[in-house]
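Heads up, the next two complexes both have subunit A, just with different partners, subunit B and then subunit C.
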Partner chain A sequence: MKGDRSKAVTLWTFVVAALIMLSAPTLVVLGASFTAGNMITFPPEGLSLKWYAAIAGATDLRDAFLRSLIVASICTAVAIPTGTLAGIALAKYRVRFAAGVQVYLLLPFTVPLIGSGIGLMLIFGRWGVLGQLWPVGVAAAVINLPFMIWAVTASAAALDPDLELAAANCGAPPLSTFLAVTVPAVMPGIITGALLMFILALNEFLVSLLLVDARIVTLPVQIYNSIRSIITPDLAAISVVFIAVAAAAIALLDRLVGLDIFLKSK
Partner chain B sequence: MTTLMGTDAPFAVSVRGVNMVFDGVHAVRDATFDLEKGRFLTILGPSGSGKTTLLRMIAGFGKPTSGEVFINGLAVGSVPPHRRSIGMVFQKLALFPHMTAAENVAFPLRMRRFDARTIPDRVQRYLDLVKLGKLGDRRIHELSGGQQQRVAIARALVFEPDLLLLDEPLAALDRKLREEMQLEFRRIQRELDVTTINVTHDQREALVVSDEIIVMDHGRIQQKARPEATYRQPSNAFVANFIGVTNFIDGMVTAVDGDTIAFDRPGLAGRPGNGFRPLVGMAARGALRAEQIRIAGGREALGDVDTVFEGAVTDAIFEGERVVYEVTVPDLDGAALRVFDHDPVAHSQHEVGAAVAVGWNARDVLVFGD
Partner chain C sequence: MDALEAVAAALWPRRLSSAVPWLMLLPAVVLTGLLVLGLWEMADGSFRTLDTATFLPSDDYSFANYHRAFTEKLFVTVASRSLIGSLIVTAATLVLAFPYSYVMVRTRSAALRKFLLIALFLPFFIGQVVRAYGWLIILGSQGMVNEALGLVGVAPIRLLYNYPAVLFGLVQYMLPFAVLMLAPALTAIPEEMESAAGSLGANWVRTFVHVVLPMAKPGFIGAGLVVLTLSLTDFAIPAILGGGSQDFIANAIYDQFFRTSDQGMGATLALLLVAVGSIMVGVVFALFGAGTLAMGRKP
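Moving on, here comes the complex of A and B:
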C-alpha cells in the first residue's frame, strides 16, 4: 500500500518535471514575445503586442516565413508519393534484403545532419541548382523520408490482405485496386506522415543553412542570422508564430486521423 | 484457350487433378470434381484440410501447382481474378472500410463498367434483396455483424456473377444468427439461381444448405454426394466420423455372407461400407450412429433388434429434445458408446451408474477397412 503510494508520487514527480522541461522553452519564448520592453527578457516587462506588429511589418521575416512554407510544401509533395509507395511495398511484400532496407532507413538518423547536408550541397552544387528553393525542399524530403515511410508502413501492416483480393474479385485491375482500395485504407498513415514531413521541413535548419544563400534564406536560418547581430523580441514573436503553425499542423493531424472513422472499422 | 470436352452443356465448374503445394505443405491433393449450373455445393472439412486453398484457386488467387480449373467449360488458368465473373464472400468479409454499404455494393459495378445511370437502382435492388434497403448510407463500422454479412453478400452478387464463392463467412456469428443466415443464403441462392460453392467446417450447415457436399481431409476430397447420401452412405471412416455422432467398434471379420459381415464379438454384424470388400481374418471397424442405438433398462424392453449388449451408464446429458448417454460395454473391451435417446419424456432418464441394455440392427452398422 505504502509502497504503491510512494511509487505513484515518484512517478508523478517525474512526469511533472518532464512536462516542465519540455514546455519551458515554449513558455519562455511565448512570454518574451509579449514584452513591452526592447530586450528579450523573461518574465516580460509589461505586456504588449508591439513585436507582433513589428514582424507583421518586417518584410524580410515575412518573406523568410513564406519561403519556409514553400520548402515545407515541396518536401511534403515529394515525400507523399515516394514515402507512400515505399511504405506500402515494405509492409506488403517480403522485400528481399528487408533487413538491409531497414538499416538504410535508419541511416539518416545515424549520419550526422551536417554530413548529409554537405553531401547534398555537393550534389546540388554539381547540378548547378543551388540558390533555388526546390532543392532545399527535396533535401528535407530525402533526410526525413524514414518518418513518412514508417507512418505508412504502420498503417499498411494493419491492412487486411484480403481487402486487395476482394477488390480484384470485384473486377478491379491492379492499378484501380491500388488507387481505390489500398491508398484510402492506408490514408491515416499517409496523413500522419505528410504532416510530420511538413513540420520537420518547416523547422529544418542545418541542411537549409548549407543549401541557401542570402537571397533565399528560410525562416530558421533568418532567425539564426538575426541572433548573431542583436537579439530583439521580434524573434520571440516570430518563433511563436512558428510554433503556432506547427501546433496547427498537429491539431489538423489529430482531427483528420483522430476523426478517422475507417481506422476503427476493423 | 483449352476447353473441357465431353458434355454439351458444360459444367459451371470443373476441377481436374488440381494440386497446391506451398513450400513443403501439400494443401490440396489431386482435387477433381464437377458442379452443375445452379447448384449449391458445400466443401466441408476440418480446419487446415485445404478448403480455402481450393476455393481461392477457383477465384484465381494462387495458381495451382498442377491441374486445371474450368469455368463454364473454359480453362481459366491464365485468367486473372479481376477478369473472372466470380463473386466471393470472404471469411473476414473484407468490406472496404472507407466506403458506405451502398458504395461497397456499387464498387463491382463501377469496376465492371456498368452503365453509370443504372448503378444506383441496381445497388438498391440488391440491398433490398439482402434486407438492408434503408441502410445503404451507413459506414461499414456502423453496421452489426449480421448486417455487414449482408453487405458482403450483396457486393458479391450485384454484378450477377456466374459463380458465388463463400469462405466460411458465417463462422464468426453466434449460433442463432448463423442459422438464420444459412437459410438466408439458401433463399437468395434459390431466388437468383446462382451456382454456389460454400466452405464450412460446420456439418450441420453443410447438411442444411447444400445440394451436394464435398468432404475434405488433409487436402484430399473424401466424398462428393448429396447431403443425405453423405450422411447415410459415408465413403469411409473419416466421413462417418466427421458428420454426425458415430461410434466405432474395432474387430476382426469372422464370416462374410453376401452383404452381412460377422465380427469376432457375439452377435455383432454389419454391412460393408462404400466399396469395402471384406475378407475373413481382416481387421475392420464398424461405424454406428448414436441415434441408431436403442437404450433400455433391460434386454426385454429393447424390442426387436439384431444385436444386444449390456453395459453401465457412465454419463448422461439432458439436452432438451434428447438425452445423450455414454454407455460403457464390458463385452466390447470397455468401449464407451454414445447413444441418443430422443424420447426422454416417455421413459424416465437412466441415472449415471445404472445397468442398461443397448441394442441395434446389423444393417445400421457400416463396416470399413481403415
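Moving on, here comes the complex of A and C:
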C-alpha cells in the first residue's frame, strides 16, 4: 500500500517516545540501586550491592514494607468475598434497580481519591480506630472494589446457567452448587481481581498518607517522606522491591489469564 | 458439607431465595457505604467555619466556606491551575496513547504485543511515588539529563519543581490508563475497514482521520474522561515533581487539613472536587452509556 513507510515511521516515533517515557523511571531506579557511590550520580561510580545490604539492615524500611504487606493482605482478604459475591450477583441475576446499584458500586471510582481518603479518615477518626493498620487495609478495599467486581463480572461469561441447573438436578444442594460449579467458573476473574487488589493496596499512597500516623507508615509513605528530605540510593534499592513485586504480578497474570485479555473488545 | 448445607438452609429458607442476589450484594453495598458515610461527614464539616479563637469548628452552620472557595485568590489559582493542567495532560496523553494502542492491537507479532503490554503494566503496577522518584533522579539539578548536558558544555537547567515537570509526570502516570481504555475500542474496528478505505484510494492519514478515529470515539471518550478526572484530582505528582510550588486541588485540600487545620475548608474543597468529578462522569455516562466501565449483564 502507498505510504506504508511514512505510516510506520510516524507511528513508531510516537511508540518509541511513549516507551522511553514509560520505562525511563523504572530503569533509572534499577540502575541507581546498584551504585557504589554515596550519591546518585551520572555516570554511576561503579557497581555494588551495598545499598541492598543497607536496606536489609534498616529496620524502619523493613517494618514499613511489612506493614504494606499486611495492608495489602487485609485489602485482598476483604475484597475477594465481597467483590466475588457482588460480581456474580450482578452477572447472574436480573437484579431490580440494577442501574442504580451499578452507579452506587462505582462510587469508589467516581469519587476522587482525595475525597474518599478524607471521608474515610473522618469516619475512622470518629470511630476512634485510626492509628491501626486494619482500617488502612479496609480503606484500600473500599477504594479499589470496582476493580474486583469488574474482574469477576468480566469472566462471568463462562458462567453457564445450565451447568448450575444440571448440578441442582443431580441433587446438589444450593451451597454445594455455588461452591463446586459457580465459583470455579469465575475463578480466572477472582484471581485477576485478587492480584490487582493486592498490588494496588501495596502501592497505595494517598489514602495511606491520610490514614497512618508516624508510628505505622506504609512503605510508599515512608519513601515519600524520605524523598522530601534527601535523595539517597537506599531509596532506589527499596524501590526495586516494588519493581520486583510488579514484575512478579505481571508474570503471574500473564501465566494465569494472559495479558491479551486487556485488549479484548467487550 | 452436609452440616454446612443444613446451617445454610436453616439460616436461609428456600422461600427467601428471591432475596439471594441482594444478600450477595450486601457486603459490597456495606463496604461502599463507608464512603457514603465519609461524604456525609464531609458535608457536615463543610458548613462549619474554623473558630480562630479556639481552633475548633463552629457549632453553627453557614455557607462561608463555599463563599471563600469561589472568591479567595489562592483557591481560584489552584483550581484553574489544576483544570488547565488536566486538560493539557489529557490531550497529550491521548496523542501518545493512540499510536501505542494502535500498534499494540494491529501488530502481527505476538512477541511485540507482549513486550508493549509488559512495558505498559510495569509502571502501572509500580506506583506513583516510585515513578516520581525515578523522575527526580533523571531531571534533578544533578540528575542524568543535566549531567549529560554538562558533558556537551550546557549549564544546568532547572527541570524540576515547575509546571511543565508536573504535567510531564502526569502524562507518564496516565499513559497506561489511556492505552488500556483505548485498546478494546481499537480491537473492535475490523481491519478490513482500513484496507477498504485504502483500496478506495485513501492514504493512511485520510484512513485514520475518516475511519479509525471516528470509530474509536467511544474509546477516546472513556480514556479522556478517566485521564481528565485522575489528573485533575492527583496528589503525588504535583507534590513531588512540583515541590510545593505547583499545588493542585488535592494538595490544597491536604494542606487545609494538615497545615492550616481548617477541616471545614478542606471538606468544602474536597466536596466541590467530588461534585466536579461526579458531574463529569455522570454527563459522559448519560450521553454515551457506561461503555467499558459497565459492570454486570450485557444488554
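Convention: the second predicted complex is superposed on the first by the 250 of 266 C-alpha atoms of A that agree within 3 Å, B and C clash if a C-alpha of one lies under 4 Å from a C-alpha of the other, contacts with A are read in each partner's own complex, and residues count from 1 in each chain.
Basically, contacts are C-beta pairs under 8 Å (C-beta built on N, C-alpha and C of every residue); 3 or more make two chains touch, one makes a residue touch a chain.
Predicted, not measured: the structure shown is a model, and the values here were computed from it.
*Asks:* If subunit A is used to align the two complexes, do subunit B and subunit C fit next to each other or clash?
*Replies:* fit
*Asks:* Once the shared chain is lined up, is A:A168 touching subunit B (first), subunit C (second), both, or neither of them?
*Replies:* Only subunit B; A:A168 stays clear of subunit C.
*Asks:* So, A:L145: does it touch subunit B (first), subunit C (second), both, or neither?
*Replies:* A:L145: touches subunit C, not subunit B.
*Asks:* Subunit B or subunit C: which reaches more residues on subunit A?
*Replies:* Ranking subunit B and subunit C by residues of subunit A touched puts C first.
*Asks:* Does the superposition put A:S176 against subunit B (first), subunit C (second), both, or neither?
*Replies:* both
*Asks:* Using the superposed model, determine the angle subunit B, subunit A, subunit C defined by their C-alpha centres, to the nearest 10 degrees.
*Replies:* The vertex angle at subunit A equals 100 degrees.
*Asks:* For A:A214, is the partner it touches subunit B (first), subunit C (second), both, or none of the two (neither)?
*Replies:* A:A214: touches no partner chain.
*Asks:* Have a look at where A:P184 lands relative to subunit B and subunit C in the superposition and call it first, second, both or neither.
*Replies:* Only subunit B is touched by A:P184; subunit C is not.
*Asks:* Once both structures are aligned on chain A, how many angstrom separate the closest C-alpha atoms of subunit B and subunit C?
*Replies:* 9
*Asks:* Indicate the residue numbers of subunit A shared between its subunit B interface and its subunit C interface, in ascending order.
*Replies:* Dual-contact residues (subunit A): 173-174, 176, 262, 264-266.
*Asks:* Tell me, which parts of subunit A touch subunit B in their complex?
*Replies:* For this pair, the touching residues of subunit A are 160, 162-163, 165-174, 176-177, 180-181, 184-185, 187, 261-262, 264-266.
*Asks:* State the interface residues of subunit A toward subunit C in the complex, per the touch definition above.
*Replies:* So the residues of subunit A in touch with subunit C come to 1-4, 6-7, 10-12, 14-15, 17-19, 21-26, 28-29, 32, 39-43, 78, 81-83, 85-95, 98, 101-116, 118-123, 126, 138-139, 141-143, 145-146, 149-150, 153, 173-176, 199, 202-206, 209-210, 220, 223-224, 227, 231, 235-236, 239, 242-243, 245-247, 249-250, 253-254, 259-260, 262-266.
*Asks:* Taking the complex as given, what residues does subunit B use to touch subunit A?
*Replies:* Spelled out, the residues of subunit B in touch with subunit A are 59-61, 80-83, 86-88, 90-92, 94-98, 107-108, 111-112, 139-141, 155-156, 159.
*Asks:* Okay, in this complex, where on subunit C does subunit A touch?
*Replies:* 1, 4-5, 8-9, 20-22, 24-25, 27-29, 31-32, 34-39, 41-42, 45, 95-100, 102-105, 113-114, 116-123, 125-138, 140, 142-144, 147-148, 171-172, 175-176, 180, 183-185, 187-188, 198, 203-205, 229, 232-233, 235-236, 239-240, 249-250, 253-254, 257, 266-267, 270-271, 273-274, 277-278, 281-282, 285, 290, 292-298
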